[in-house]
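Following are the structures in question.
Here come two complexes built around chain A, the first alongside chain B, the second alongside chain C.
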Partner chain A sequence: MQTIYDAKISDYKTISILGHCFDNKAMVHLAKHLPTAELVAIKKFNLDKIREDIELVESEIILTRQLSHPNIIPYITSFVAGPEVCVVSPLMAYGSCRDLLTRHFSEGLLEPAIILILKDVLSALIYIHKKGYIHRAIRASHILVSDTGQICLTGLRYACPIIKNGKWQRAIHSFPNSTEKNLNWLSPELLQQNLQGYSEKSDIYSIGMVICELANGSEPFAGMAKTLMLTEKVRGCTPQLLDRTTVPREETIECGGDTDISANVLDRRFGRDLHELVSLCFHWDVDMRPSASQLLSHSVFKAVKKAPPLPELLKPALPLSDRVGYDTEEMENFDALAKMSQLEIFSCEWDF
Partner chain B sequence: MPLFGKSQKGPADVVKALKEAVNSLEKGDKKAEKAQEDVSKNLVLIKNMLYGTSDAEPQADIIVAQLAQELYNSNLLLLLIQNLNRIDFEGKKDVAQVFNNILRRQIGTRSPTVEYICTKPEILFTLMTGYEHQEIALNCGTMLRECARYEALAKIMLYSEDFYNFFRYVEVSTFDIASDAFSTFKELLTRHKILCADFLETNYDKVFSHYQRLLNSENYVTRRQSLKLLGELLLDRHNFTVMTRYISNPDNLKLMMNMLKERSRNIQFEAFHVFKVFVANPNKPKPILDILLRNQEKLVEFLIKFHTDRAEDEQFNDEKAYLIRQIKELKPIPGH
Partner chain C sequence: MSRDMCNTSKSLDSESADISDQEREVTNVIFNSKDEVNSIEDEENLFINDPNNADFDDDLENLNIANFFHKVDSDQIIYQKKKRRLKLIGKYVMGDLLGEGAYGKVKDMLDSETLCRRAVKILKQRKLRRIPNGELNVQREIKLLKKLKHKNLINLVDLLYNHEKEKMYLIMEYCVGSLQGMLDASPDKKFPQYQAHDYFLQLIDGLEYLHSMRVVHKDIKPGNLLLTLEGDLKITDLGVAETIDLFAKDDICYIGQGSPAFQPPEIANGLDCFSGFKVDIWSSGVTLYNITTGLYPFEGGTIFRLFETIGKGDFDIPNDIAEPLRSLLVGMLRKDPEMRFSLRQIRQHAWFISRPPCSSPPVPIPPLRDDALHKMTVFPYLVEHYYHDPNENSSDVQYFTEHELNEMEKSRVDSEYSNGNANQSSSKHNRRRSKKPVSCISVKNFPGCNQS
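So, the complex of A and B:
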């Protein structure tokens, strides 16, 4: 039987800060659920910092609560504490794939790890599409990894329903709100905002971006101006998996060796299947672009059945646990700061 | 290839099968597991008839019409809603999708499902009490908001005693349910302007004594949302009578003045938009004028320092300047 998590803050003891999300308007804390001593993650949205986007927070929570899939992060409960909305979810002890890339794999994950992650993400996506939603924010920072290597998709505040006015829409035209940070992953047909609109296939394009992100370590189109990024995409230019088949050795030598690409990248080689998968995702003709379930039946996922479990492939990264120390000092500073800010109150008294 | 499983069942068969399965689920007999499976399966069949799938079009109008007729005759909509908590997770959402689609059905300008529900208001009352139960609250919410789009149905809900339960639902500890209940509550109070204005006028005392509790709620979100909605209600010209009555009560002014000083900047800001109505009123009753006069200097000083960082918000700055001017120029009524 599932543990009952109460909707009150006094049941949780905050231990440390895990990170920020939602443009720094929300903070993720590691906490202990006191009645069970279970470690959980609590995402706290400070609504006093959020003026207009409060609906995004609401819709993310309400939508996530109505989805149930092993590869979608469950929200165990949500409640209000002071000016914050707190959302409790299971601890994803490896953090997000973006965290893994930044901290341990700046040149990308190993191929079997990428494929294992992808497999779970696609399962989640099949479910989301079947339930009539387009995710619209598939990116490494929205892919979380648990201590056992279970993958959970998150970031549903940008999702939009395919069903509108009682009908299953063939094309969607609405542009997601507050999506600046996701633009690089989004499909050209979504970004162009033309009459043809876009469909759930837009998420498949983003899957292509994520494969490149996981394989190369860097965000797609990192550092490029948004307008240029859009022009590139519309011209059909896409990132690719960097390895010795895509980065010719001579070119980098001609450049005087003054390049970001390391010898390691030049020596490695991703499987032909994975290269093919990426180009399928980026297929310009939306009708030719495979659906999530078609992608999942690609041969690349058969080979990985013999792969070691994901945590093995993620070494030297270690999952956060009771044993791995976390920075409590940061938490103390944070608490002190929070107390300070409480002192600032309007001092005048009305005369009634 | 047939679209739905082995044999393509007609609407009458599917509705009959679903009803039997729900009945058996309700009884909770040994066959419950099988019943659960049948409920899910038939719900998906009906959903696909209405919506189509990503690779199949919805059924022709004639089939949908037959389906709707079967649903009305069998009383299945109410039965499904009454047993919603017994249906599995995905099935609950399918019930809501089927309900919402059937509700939108139109024949010319008529909405047959709306007419049907008017004769069976239990459907609405059962949906409203859905907010009492965690596991079905959000499903009932999506159906209720769809109902609230129709004036006839909104009227039944507003004028029912159950409406006042919303003041409790919007404050429940689970955030997603409270905030869903608030959207429904807001929809009921704002969607049909004339209906809403009439309702607020006739039930002013009862509604606003309940509303006061929301404004004083311990829950930050409830306080902020209800304050924002209050501002919207008072500034809607349809609610002129209600507004006049609200801004004549000195207790309401005191509450807003205190909320101007709340810790939360967003609450201060929303309170400002209600406070301004008191000040802008050209016919201030004496008790209101007295309070403003007693605090004349403090208010001017307070407003000058109020949210000075909103430099780009022109409308806000104009309104603020206007209020400061108005308060500075306040004079006691001669002869008092």
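So, the complex of A and C:
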């Protein structure tokens, strides 16, 4: 960032609410940095609401500021204003992948889009693992998309260090705090909480979950009782991409009750490579599960080199900046608009 | 909630060598015919009579003992295999036994919302009333745990009551075992110095926090130091802890209630009042001595003899304990509380500051019922709950007799002997006792006395 962003609230004019994150304990605002007239996102944590989770916020800011990678969200600055901790980051104009799924792709993204997103997420993950951290919260709402289609990973408040007392630990045993919302993405070895422990390969399992989430429109085990989800995972149930190779057509027609699965899902077909990638991520034997860099060398990423840029693949979704425009008049209109359509806006997760 | 009384064949299998379990089996005898199937509350290892009858001990006196004990053949004692029925306490799913103390059982537990593993200490008010100061100690402990929060102190996560059953559920952080349990299972009953150093640092951190909150623990010993999965040490059992009054001018205490072998000379000599904080320093010193040497600095066949030796304050340190650990032990075990190290002096001590080199592999956490990984015991209940067809239940109830169990146990022991594992099975009794992370009546737990 060449421009200088000062750590004072008066430099930022809040335009509207983009969404909430962290179990509604934090709000993300669209704001204009007045000295440069650039749009930024400000995440505001209300200290009265977060209470004991203050450590999470603190560690997230410290860790994010220590990392520097094109696919990890940078924090431009952070400061305390009144009762709130404010974190300023670049505006990611498409929002999170969760938003994209909720608003435009309820049955999942196109295969090339999934692979492009995955590629960037894996690059970020290689970097994070190399730095000695396990992310522990890889999910679509923690994957943000910029107006140019750049992918940024976020949600580092759940990350934990692999290095303890100066030594690289073979196994980690800590159970993340306030992780209720991430449980569906977590690996069986992490959830089991026994002396076996888990490693950075736990993130790879979550990558598998994210592929399913991006492809199917919702994460596997969504809406299921947490204890049943745990039981299914520990018994070795591995989720799949839903397409005509995995959803038996006859059954759904006969049953008639399975109205959840649309004809579109039954007709589509994901590449064999992508199916294989998913099953690799869910490998029960942690040693057999590939690392992030091994995954990135998978043939699925070679085929996508000719794919159109991500914004093309995300149509009809539009980046926020295009929707708002830069002139002040429209921005004021947007403020009013935002208030009117707050229902829609509140339903999305902008988790910077 | 009268339900099937027995354990699964697996747990019976592994525990029936234990004396306490045998007691249970014998006292479960009620039938005279094979047609009857016994039903006793699965948590109450009580007697033939109604488990709700708390005054059973008094009734005994009025009974004719000869009428009471029948001879029953072992093949006439019938057990029913316990169904793994899911049991919820609030939002928590109940698992199997982790340990047992004077005050109650500790069981494995799973928070069904966060999926975070927990341990629950189940206290029965009926049982507490029979222990001197039982209810008082428990209330004091709960009050203390609620206001204290530190990485090296057991955290009370939740507190639930069942007024009908007069039970209290203290839901705490999950711990895999106590230092005592690890020592008992290790060949030399001690840790390599670097491992002891790791635990000792955490003990001092926790103790410093307690003292800063004006709390004297009074019962520091390896049995009251638990380990989490991550290897974090947690000080537990504040049953006899004392809070120094906010306006008191010093840390004078008047009552000592801890485990005899860990008591300082001032208590052994029966002083009316003494410095509370220095009591904890002393027992931490005895703990450090114990976990690094496998011995106790003071021993005696009876409490009287033990207190006599402690009162003199003379002890030996084995020759293989070199400096700087030697001088730290001497400093912490000074007879005169005034001269005894303070927490600050301990922190500045050379042994505390520098970590000893990794010499040998660390002493591991011993397996629980043959499970080295300490897997969630809640899991089988969840599987049963989610995948078992409730309509099948009636037909596949399994029965087996005491006789069959004994035969199974015999063949198991035989095979163990032939495999040369005799040592393991003979130490079984000790090992199980050591798994009791909760012990509030410390006089019952008297490791120092057993040895001479």
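Before moving on, here are some points about what is shown:
In this text, the second predicted complex is superposed on the first by the 318 of 352 C-alpha atoms of A that agree within 3 Å, B and C clash if a C-alpha of one lies under 4 Å from a C-alpha of the other, contacts with A are read in each partner's own complex, and residues count from 1 in each chain.
The rule is short, and it goes like this: a contact is a pair of C-beta atoms (placed from the backbone, for glycine too) under 8 Å apart; a residue touches a chain by one contact, two chains touch by 3 or more.
The structure presented is a predicted model; accordingly, all values stated were derived computationally and were not measured.
After overlaying the two complexes on the shared chain, residue contacts for A:Thr179 are found with chain C alone; chain B is out of touch.
Of the two partner chains placed by the overlay, neither chain B nor chain C lies in contact with A:Ser96.
After overlaying the two complexes on the shared chain, residue contacts for A:Leu191 are found with chain C alone; chain B is out of touch. Comparing chain B with chain C, the partner in contact with more residues of chain A is B. Contacts of A:Asp48 after superposition on the shared chain: chain B is touched, whereas chain C is not.
Once chain A of one complex is fitted onto chain A of the other, the partner contacts of A:Thr231 are limited to chain C, with no touch recorded for chain B. By the touch criterion defined above, A:Gln240 lies against neither chain B nor chain C after alignment on the C-alpha atoms of chain A. By the touch criterion stated above, chain A contacts chain B in their complex at residues 7-8, 47-48, 51, 58, 61-62, 65-66, 68, 75, 77-80, 82-87, 129-131, 163, 165-168, 200, 291, 342, 345-346, 348, 350-352.
By the touch criterion stated above, chain B contacts chain A in their complex at residues 50-54, 58, 89-90, 93, 97, 100-101, 103-104, 138-139, 173-176, 178-180, 219-222, 224, 254, 257-258, 261, 263-266, 291, 294-295, 298, 301-302.
Across the complex, chain A is touched by residues 93, 110, 112-117, 174, 176, 228-231, 365, 372-376, 379, 382-383, 386-387 of chain C. The touching residues of chain A, counted against chain C in their complex, run 172-175, 179-180, 183, 191-197, 225-228, 230-231, 234-235.
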